[in-house]
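Listed after this line are the structures, all set down as structure tokens.
Shared between the two complexes below is chain A, which has chain B as its partner in the first and chain C in the second.
And then the complex of A and B:
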């Protein structure tokens, strides 16, 4: 009940933000919504399956570059086509990567995902003619539901139609992910996270489920990556760099991987905190490093954990 | 005959953990495997349940060769197991643990968009097993918060929730109080009748439990079968008494 009210309040606040909020803060909501989509997927792997990926920037990069290629190399501008293409390409790339990575766990899984991320980063950095190298590739303004909005000033486009479009994508992504984690599949993932050996004796094929979770999380990362492109209008290799993968893990930890909405909260706090810290001190990574250390020591369940820790579980209340 | 093992041999480097073990389990039997530490009991269970491949020999379950095929495929074929050291899903509730087993049994694990809460067959199946094992009142308690005896029960109950044809229990009463042991065994036997289990194999150290519930006892010593007989015959086997049971237990 409380969660439902909180969700309704957050949705209402997001819906009215462009009408009452300053342009600058509304623009900050765009990367938040894109990252929230990415992290919903990442947390299916992290919080629900127990696998920490340090290479998911690979799939964010794939989504972003897919959009950039489509808009700059073809006449297609439809964001629906871009998101669908990003999802399909993300899944296609994720399948072989997952097939190899999910056979390993813990640090070996993390290092393998990191390695694949670095391979992709090097590819987009070095294949200049194809990717634009370190300069990147332009992501031209996409049309939304068949409307080009060409005559609209960029800021109006981003804080208006694109904002609500992103919000709708985030809403849909949240709904779909909620169905997934509340499904029999979601339960099987949790058994694998808690005790893979026991899960196998119950007939749950651990490798197969990890593979599916990985591919789904990659699809989410690619869709989120495609949403990151239009606000900046350019996609460059830093999106696929390993520090970006680290930031994704940071956001998840910050919000709390044990909670469904934790990573979404983490994305929100990260974006606004980063913006604020960068405006105060140039060494924002120094501050964020200290914050990460504090979270791990004081609140390992993240910001969402701080809230739920005070509230007894249903069984304890009974 | 539901399960048959022939000439099972397991080598760990130079060490021979099992040396030509053969056994059969017929429908309706409750078979106990006994032996001193290092006799090869757990190795045998691990091989029979497909977790460890034998160095040589065969295991046939329902007329199918199953040696080394892995516990996932064996579970789907109808063989379940519980562990000596209690195995639970710490963050899942009792009901969720049992639901996972029922979901697996019904082959619904890859359903991504159906609601688990609205799947009446899964809910009813899990609740039925929870009631059968006396865990219904604690169904919303996370497994890690259960007392040790209930954790053990949950481990066994989740195996029963698969509705297997045969179940292999590795020391089902280890780590629980003497008072809880009989209760666990009574629950287990009642549950096996209720779900129509075709056979039970257990590894057990407690001879009171072994002789109270077994139709047949297989005594292992140094990786070999020392005796395979009914409880009364085992009690009159001097070698088994000397090496496995102990004189005081045999007369007590």
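And then the complex of A and C:
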């Protein structure tokens, strides 16, 4: 009940933000929503399956470059086509990567995902003619539901139609992910996370389930990556760099990987905290490092864990 | 509506009307008007500077020069009586820097944004500057994709000198200082700047020395610190000359490692951009007789102005090092903005609209640290490049250059609208 109320309040706040908020802060909501989609997927792998990927920027990059390539090399501008293409391409690339990675767990899984991420980073950096190398590729303004909005100034486009479109995508992604984690499939993933040997004896195909979780998380990352492109207007290799993968893990830890909405909270806090800290101190990376250390030491379940820890358990209330 | 409107409300409101929400709240923000003279209220100037990574020293130099400029301006009474207040944000990757840029304009309400070094970043900033309708003066970043301009007719964006100019200057000077060159090897960082410099250098040198052969090209990753294998390959090539476009600490490192094997005892050297780290090129490992480029400012220019000498003196006193060229780009940007505001204000001394400042910037020429510099009509910097032969005959522990060659961008930069290699092919030599 409380969660439902909180969700309704957050949705309402997001809906009215463009009407009452400052333009800049509304613009900051765009990467938040894109990252929220990415992290919902990442947490299926991290929080629900127990596999920490240090290479998910690979799929963010695939989504972003798919959109950039479609808009700058073809006449297609439809964001629906871009998101669908990003999802399909993300899944296609994820399939062989997942097939190799999910055979391993813990640090080996993490290192393998990191390696694949860096392979993709090197590819986009080196294949200049195709990807634009370090200079990147423009991501032209996409049309939304058949409306081009060409006459609208870019800021109005971003804080108006694009904002609500992103919100709808995030809403849909949340609903689908909620269904996934509440389904028998989601339950199997949690079983695998908690005790893979027992899951195996119960007849759950551990490798197959991990594979599917990986591919789904990659699709989410690609869709989120495609949403990240239009606000910047240019897609570059740093989106696929390992530090970006690290930031995704940081956001998940910050919000709390044990909670469904924890990573979403993490994305929100990360973006607004970074915005504030960057303006106050030049050494903001140091501050973020300290925050990460504090989270791991005193709040391993993240911000969401802090909130739920304060709430008394039903038995205590009785 | 045009981009001159500061808050873009009508279009936003139209959209919100369509979705049936919040017209009243949006309309409440229609009040923003043009920025007229505001008595002594500070004029906010946004600065984007790299503060981390391999280019952090470059960003620091630009920021220091901007701060030096701001101090001088404020001591002299500000701009039209308004003190200058710098609002500094970090230039990092394109996505984050675009967000910082928007913060400066939308949140901090700066009058102008100065800065931008990485072309990967400034390619993204250019269109954003056009969207936001606030002048952006780039220190050292272009909106070129490779050597092709992507924004030939910008309204708000003012761009750096084309990236490849220093390689072109070096290509012009190479035949003058190194007679009988027949084979050339090249090394540059593995990103667009390194590749573009090498291609431009080859194109120019071919015009002067049609029979010259390019026998080796190496592109180590930016940030690499071990060039042992690269130097071995360069030695193996037995080239007459090595062209190197390194601009950061890697220039110093390769110089040290080359000295260890005596590379320049048998080979000539051209370092197009190593002047960026000039005071780390110590005499003990940097030989005389290399062609060394200082980009647009040579700190020890014997013909340098009183302004340059004062700047170098005070920079050394404050930071215990000698200023690199980024200082000149930063100073020029800030000073040209001030001059444009004063020009646009006219006799009435009324604080001009941003669009009027932009108009005044076009073609404006001012005295910068390195001498006279200007903005071309298509918003590209015009200036002079300083290169020369390294010498140990000075009072420093690092090399300087003598003689000093000064080549104008009028000679070494492609004209507006021209294709680089067509333009080079058309030179009369």
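Here is the rule we use: the second predicted complex is superposed on the first by the 311 of 318 C-alpha atoms of A that agree within 3 Å, B and C clash if a C-alpha of one lies under 4 Å from a C-alpha of the other, contacts with A are read in each partner's own complex, and residues count from 1 in each chain.
Quick note on the criterion: contacts are C-beta pairs under 8 Å (C-beta built on N, C-alpha and C of every residue); 3 or more make two chains touch, one makes a residue touch a chain.
Note that the coordinates shown come from a computational prediction; the quantities given were computed from them, not determined experimentally.
In the superposed pair of complexes, A:194 makes contact with chain B only, with no contact to chain C. In the superposition on chain A, contact of A:203 is made with chain B only, not with chain C. With both structures placed on the common chain, the touch criterion links A:183 to chain B but leaves chain C unconnected.
Partner contacting the larger number of chain A residues, of chain B and chain C: C.
Contacts of A:136 after superposition on the shared chain: chain C is touched, whereas chain B is not.
Note: no residue of chain A belongs to the chain B contact set and to the chain C contact set alike, using the contact criterion stated above.
On the chain A side of its complex with chain B, the touching residues are 176, 179-180, 182-188, 190-191, 193-195, 197-206, 209, 212, 313-315, 318. Chain contact summary for the complex, chain A toward chain C: residues 15-16, 18-20, 22-25, 27-28, 31, 125-126, 128, 132-136, 138, 151-156, 159-161, 164, 228, 231-234, 236, 238-239, 274-275, 278-279, 282, 284-285. Per the touch definition, chain C reaches chain A in the complex via residues 1, 3, 7-8, 11-12, 15-16, 19, 21-22, 25-26, 51-52, 89-90, 93-96, 98-100, 102-103, 106-107, 119-120, 123-124, 127-128, 131-132, 145-146, 150, 190-192, 195. Every residue of chain B that touches chain A in the complex is listed here, in rising order: 49, 51, 70-72, 75-76, 80-81, 83, 87-93, 96-97, 99-101, 103-105, 108-117, 119, 122, 138, 140-142, 145, 155, 158-159, 162.
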